[in-house]
């Protein structure tokens, strides 16, 4: 659906309108929306979501597995056959699972089959919290789990998926802790000031290949006007920030005559991983022409 | 020449033997060795070299230019025609100038022609102090200089070349400041100990493409058994050290239960430039699972 | 005056009320308030202050010196004779100038006489921006200046004094850059988290004797609930923050069994000076049980 | 004994000479030397010491306790009555135990009595490895131990005492790990060089009162010519190094015009504890006018 709703509207509308609005949050399972309709009014979007999850958790195992079965595999036949909901298409799209190299596609296909054989339901993952590499690593790890643990994990992943879908149905969802952020801050400790005008680039790394994600210049406070990442879960995986220290010091030389064709520091790469999609990652850089330090702040 | 000599031998041998030993240190100019023969005994190899440089510096400009003309161009026709001394072949070899991509080869050819037209002698550079990129950057910059400055610079470059050649003629040359070094040191500041057993790789970067140069593991003192670079001038240019921090902390977890598929720090790249071929670069890394700092020490 | 005013009130009240409110901002010179009364309305308190300063700056030198003469000396006879305004008493009070040791009192007396003889007006300083030590150091330096420079400096100091007095007359003065702040932030980089619950003490140092100024514990974000200093100009001078790192790590040991009667770091003192009373000083500490770093941020 | 010996001499001399040389290493127990005389030759001074310790360890508990009883208490009546060996006097002397304030003297007296009552032998500690504060803290902790543990600990302390006494009997004792060291290294990371000519002072802290221990200036490598401490065990306790950063930057200003009466950093105190008397403590400081970092290296 295209139009967004508000909690007061949803707390007062007809059952039909209610399901029209939030029924498709659960993949092929509008009954979940119907099941919580009588629990209105909800104090918050979070409360609505918790009620939905509770309804599913109350199902018998067989019914839960039936619900799981309605979900498309990642990189699976459903995707290729066009049998996914629009939400699923969007969510999986960013991982480019539909355009995998042959070998990797076969790897996913094999894992999907092994998983379904072992557990009796498809592998489900909240794709928006993952890079392709972390999705794959997670897949391999989950294949080694016990079935009872996977039943829990699958429901938790669906809770992640539906929480994000639900949030997108509202103008002001008011939910906390569903997004993450990545910010930086550059301090020129040779001159005791915030480093203004330094270019900062963010790349996502996949098998060490960098894909540009964001680029900005620091302002007078040494920060970028916008976080490098925000407004969505962070994708688990490997990243690199490149700080253009050499350009900065060409503009702000600590001492006249110190210019060199080969300044000690030019582009400073900082490589790190994110494993908390809803975390706040703050990576301040303190830098001089001859030294730097970085740490994970919050 | 294959056999190495000693200073006492050289201070007492015949003129013929003297020239046989050090005559080819100056490209196609054995007369330089003859010119200093009567100045024996030399207190040090350095003193011998200084005497040789003084003999050349005393020449008229025309004679100096004639001496310069005996040197091969970098990446020039001499190289391709096999007209270089064995020393020159070795010295230029590491830059792979004989196997340049067509476009870069044409660039070098053009610069060689422009330089020769402008100054009347070939572009001479101590190749062992350079990477291909720094040689090219230096070439372009020197093309903009005044002729008088280039006459000086050329002699200084030849002095670098001959100093290194002379050193190679001796078992114990005793010369200071003709080589550089690159060392590192890893301190695990989360545990207050030297980081033992961490892999450290050194790459030379050319247009951001890394070429592996050295690899080692830190010992109980947090250092590598050998310097990453030593025993030769450092090549001016861009480098990257990769510290395998993630592997180290998998072996030495600060706290049980902190393992993650995506540790915050895994391979920590430190990118820097060297512009002092005879310098000592010491790059200590202080690191925790969540932070690191690096500086240029000495 | 005890009651505070608002800009709209001041922009519309009678001349009498206007002077009653802001007349004593200028020491013994209510005419300054009268002189700007006709310039109403003022867009901001800042604009009012600037108009006042402009009125004084427009005076002849003789008149300006007469105005200066109305100000009490620092640690001078006026203070001891009770001839200061209440504002002056308060402003000078924090420096304890009325209770100086004999020797230091004589030093101030001598400087006051020398200054008055040299320049023909009393030494004036915005005491709220100074510690006693910085006031003294400033006094000695200003004694060496040219008279024209001191005329300017004195007016600038009076502008500082009156700006702060004026601000105190309003509930919402809205003036920027008249106060400074000192904040800190503690990051435990051995565990990748903000250091919560660490005691942080601030001392002002005078001849290396510490006077406690503030004390707080860090919260979940590693910050103190309130800045260590704020809501006033910072006093130029020397300070020390003491971070109780040892107590923190006793509560949050990185590894079981690492306790020692003599932990490497216990109380970590950070000694620094403030020389910008209106500056924002942010001093983040990154710390492990074995290392720490501090820098001036903003 | 005043003359020093050598291992070859000791391995070949008469029994009388042997005991004359090393008999008084064990307090009032020359029999220990006699007991190992037949075990000659010793491959090293260390081997000699180990043989002596083994001879004592082989004693019955009663005999060991008798040996312990021959040792003077710390700050005890023996000291005041002049009943200690010259070695003991020297060893305890540095702690000034003979000149304690009354209250502290009573505290030591009480502890000595409690210890002797509880364990049946005097409290023995290798005083050269302790400051007065650490000796006291250690005393209080050891009072809480089981007797069997104290029997072991006492022998270990006597082994420390005798090892150091034995080392002093030789010109070249060749023993490893009996001394500790404290060194520093200052890097000016705003300029990428070793900080030359910076004063570095070391203080021992006792109840936060600093006692000067060493002072030196850094050389061209940023190090002090001599370690701040070496050639003896380090005394367990609290220390402070003061780096005169402000003076250094007054001599080496990063930028002209940056001088201030109140530089951000002036004297930088680094407070830390030593708890490994035989450890190597290396504390490198990286510093700019606006930031610094310190860590424990080795």
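Going by the order they are written in, the chains are A, B, C and D; count residues from 1 in each one.
We take it that a residue touches a chain if its C-beta (ideal position, glycine included) is under 8 Å from a C-beta of that chain, and two chains touch if they have at least 3 such contacts.
Fair warning: this is a prediction, and the values are worked out from it, not measured in the lab.
Chains that count as touching both subunit A and subunit C, per the definition above, are B, D.
A count of contacting C-beta pairs for B-D and for C-D identifies C-D as the more extensively joined pair. Subunit B and subunit C have Cα centroids lying 56 Å from one another.
Per-chain Cα centroids separate subunit C from subunit D by 47 Å. Shared interface positions of subunit D, defined as residues touching 2 or more other chains, are 187, 189, 192, 264, 286, 290-291, 293, 295-296. The part of subunit A that touches subunit C in the complex is made up of residues 187, 189, 192-194, 221-222, 284, 286, 293, 295-298. Across the complex, subunit B is touched by residues 187, 189-192, 254-255, 264, 286, 288-291, 293 of subunit C.
Per the touch definition, subunit B reaches subunit A in the complex via residues 134, 137-138, 141, 236-238, 260-269, 271-275, 290-296.
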